[in-house]
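Multiple structures follow.
Both complexes shown next keep subunit A, but they swap its partner, so subunit B is in the first and subunit C is in the second.
Let's look at the complex of A and B:
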């Protein structure tokens, strides 16, 4: 139903098509702007500009100032960046986040892939397994953190209880500088695995059956089918999961905040945790913005680096 | 063929309607406040972070005020703000001219807000409201002032809190100790801790002296012991940092000894409040804000005064009070001060069932003060113990970096390196001295 669009008077007359492309447009037609379209787009664009784009520019400006919300930001040039580079807690947080990435990204990728391969076999209880593997991702990171604080408790935690049967002494997962990063990583892997799993499962179901069947007929066993057919076919999704997971891990915060608050002795702190402390607890918005810019640059470099290391196409 | 056109609005009509709807939506809050304001009582906006069992008592205090002022054209609207976001939200609200009328503060921690004009000096407002300052203890009035900002009062004191040890009476009975004669010095404290500690091999499974391996608890323990040993974070004139550093180093060694030498505590406790509540520790120093929670939980406990571990019996002191925030309409201060005066005059409930000791002499002299609210065997040490509560905040711009009751400030982060064995006490003290001196030099 678009009655006014259909206007017989405005239909091009026979033979007029070619000349119409050549003629100059009528001035009234140029001025005619479909404002309704702008209004509809504006409902998204204006809030996006105000709440997303402007804060980015303002944050960049604040990084070069000293500002504690009250009063006008005072220009200090590169001072906040100097402070950030000289602060051993900033360096520690960036070092930690790289270790997080080294643990969490392979963990999520491998376990997510294994879970997807398992569910894709359609063995009994596969539907239940699919729900269970994805369920943690639906729960908020804060809840996951609180649950894992109890699971990883040194004295009464379930994890230490069960590894005790293997003769392993209780591990101070969250209270020792050596293990706190691993403890937080375990919770993160459990939480993040759900998304990787569902993406891998979708990719597996897209692989044409005749390819794997043909390979079987040619004598390829499960390992050969996985290595020579399934994994190459899934390369774009694996690449995407790794990239998304690296970016997500670089921004890790909730689990750290809830489980260890960055401790002990900063051993599990992350850059976002540092930014939170600087901005919200110390109201040092200049330093917090400077560290946020550094984190942004690191994420950009790592993400572009990954495009070369884990290419979507061979 | 004619198509029906009545259901499709023209572009012009659509834009008009969209504009009208958007305008109405944007104007609604303004209309709500302005057009109908004439028949509304004055509403004082109050922000509070009290969310635990003490929060319930405070909500009752506000309700009592509102009930008593139903026909007097003034009501308080209580809004809860998470404690860690409190200052940031107050600053943001003040910067946009939307600050609440009054809120909770901690004495000595708001020098920056006083400098920025976010909190309002109260001396004139207090005299105009008729609040009797001579009824307040001298210490509480002193703690409400900022010497560097004309020595003005920026807070009406509401409660005096100190850190005192709680004792799990079931553990005491089990160890055959006498609860009527709790530890009074460092040696007896360690002896009691040893008697109530449980171990499996070398591993402590129940701490005689409940500690955590990082965060607030070891920091505040160090702060108390260090000050008892003669250490000062800042000199009295606020010019020199870390006076008597040797004492500070000795106090760090004392805390480390709890874990490594005496082995009466474990670093493996993560949530100290919960741990004491479920019996993972026997002696636990904390503030009066925990009492009603543990009582509701049915925990069998009593309190006693902080022992003299280092030479002079002292403990941490924190004063809570009400601050007035800057308003675009100064006419609101008078009504707000009236509300604060009423809350202070009627703070008997707050200082018997809520938290802390009363700063008002008239309330302390009330014959019912010892029998009302939480039983005296649990509350008494927090009232009588105010006599030894003499470790205050440092009232400078960077005051929060000096506080010993913190889990994430410069002090706590520096000390965590010691508890984790990454730094030596000497290295940590050198860092503290350097960092704090810079802070004092800022003013």
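Let's look at the complex of A and C:
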């Protein structure tokens, strides 16, 4: 057996082959199964399969049945989907979520971008501004809903009080069918902007200084630098933020549930809110699952469609 | 120690607030403060008496400062 200690007089190749054959046992006949690896992966995989994957398949099955938790699911075919398509509340909820997306997604993206650009200037108190802009994101949606119910109160709310100074008559933010959706959207923008803001700020800090400096040597002012350097460099992040925001907005629930409970007259209801009511309040799990599958399909179509609209590369 | 004056570095020294940027800075900080108002309002209200919560006029400073509700938080068994 070759000595394992390093011998400077031996040729490197010679030593390498010699020690390699000496040290390594022959693996060709033994097939070792690394059980420890499977056990460690299992800690995640088994709960994931049981609590995430299985419910998805079970929910798909339930969508084709009549089931009220007790008893066995009874196969009804496409009946639940027919009910869902005929239900005007379902149509209303899907229309509402479209309006939510049209208000919340541009709001969050534009405000987040503006806030990130402002904080990135590193002017005095920028860290304070950064904290203030990000703070709402750490609070749970329920608390956000409760704060805003009270901020948007028609008579005693802070918002109506201050817009009164601008000469605007009090608006029934959460109690009128015209405004309830806007009221919930304001709270959602306030809550969701934190994440978009932090992602944008990180992207801004990743832009190489050389590029912006080179541009200003060439005579580009701030608007040109923003349009031709900063925004193109941030394109992947902007695309990602928009996609994530669209998906999370389509699943909006907590704010709606806490602030308006879908009302008045279903004017702020979202699909998840409908699903919740169908399943938990009316015990119609078949219909709820059918609507959930419809929402899933809509989200998939929208998410894939968005990949063509807001592309990551130019 | 002051750095030598240079037009490019001046344009590119981001930490310095120049007079021309003052309005933008003021506006941005104002927005940041307005952005945190729901929080401040929540904190201010947590020290108010229940009868002073809903008032015609907006009162940022509680009329009567009370820790009554803070004590109540610890009466319910949240820390168990």
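Here is the rule we go by: the second predicted complex is superposed on the first by the 283 of 314 C-alpha atoms of A that agree within 3 Å, B and C clash if a C-alpha of one lies under 4 Å from a C-alpha of the other, contacts with A are read in each partner's own complex, and residues count from 1 in each chain.
Rule of thumb we're sticking to: a residue touches a chain if its C-beta (ideal position, glycine included) is under 8 Å from a C-beta of that chain, and two chains touch if they have at least 3 such contacts.
Note that the structure is predicted; figures quoted are calculated from it, not measured.
Chemist: Should A:121 be classified as contacting the first partner (subunit B), the second (subunit C), both, or neither?
Modeler: Only subunit C is touched by A:121; subunit B is not.
Chemist: In the superposed arrangement, does A:34 touch subunit B (first), subunit C (second), both or neither?
Modeler: first
Chemist: Is A:219 in contact with subunit B, with subunit C, with both, or with neither (first, second, both, neither)?
Modeler: Neither: A:219 stays clear of subunit B and subunit C.
Chemist: According to the stated criteria, A:149 is in contact with first (subunit B), second (subunit C), both, or neither; which is it?
Modeler: A:149: touches subunit B, not subunit C.
Chemist: Kindly classify A:132 by the partners it touches after superposition: subunit B alone (first), subunit C alone (second), both, or neither?
Modeler: second
Chemist: Which partner does A:167 contact after superposing on A: first (subunit B), second (subunit C), both, neither?
Modeler: neither
Chemist: Who does A:266 touch here: subunit B (first), subunit C (second), both, or neither?
Modeler: first
Chemist: If you stack the two complexes on chain A, which partner ends up touching A:70: first (subunit B), second (subunit C), both, or neither?
Modeler: In the superposition, A:70 contacts subunit B only.
Chemist: What is the shared patch of subunit A, the residues that subunit B and subunit C both contact?
Modeler: Touching subunit B and subunit C on subunit A: residues 153, 155.
Chemist: Report the residues of subunit A in contact with subunit B in the complex, numbered from low to high.
Modeler: It is residues 1, 3-4, 34-36, 39, 68-71, 89, 149, 153-155, 170, 172, 174-177, 261-267, 277, 279-283 of subunit A that touch subunit B.
Chemist: For subunit A, which residues count as touching subunit C in their complex?
Modeler: Answer in residue numbers: 115, 118, 120-125, 128-129, 132-133, 135-136, 147-148, 150-151, 153, 155-156, 158, 161-162, 190, 209, 212-213, 216-217.
Chemist: Contact residues on subunit C for subunit A in the complex?
Modeler: 8, 11-12, 14-15, 17, 21, 24-25, 28-29, 31-33, 35-39, 41-42, 45, 54-56, 58
Chemist: Under the stated contact criterion, what part of subunit B meets subunit A in this complex?
Modeler: 2-5, 8, 11, 14-15, 18, 84-85, 87-88, 91-92, 94-95, 112, 116-118, 203, 205, 212-215, 266-271, 280, 400, 407-409, 413, 416-417, 419-420, 422
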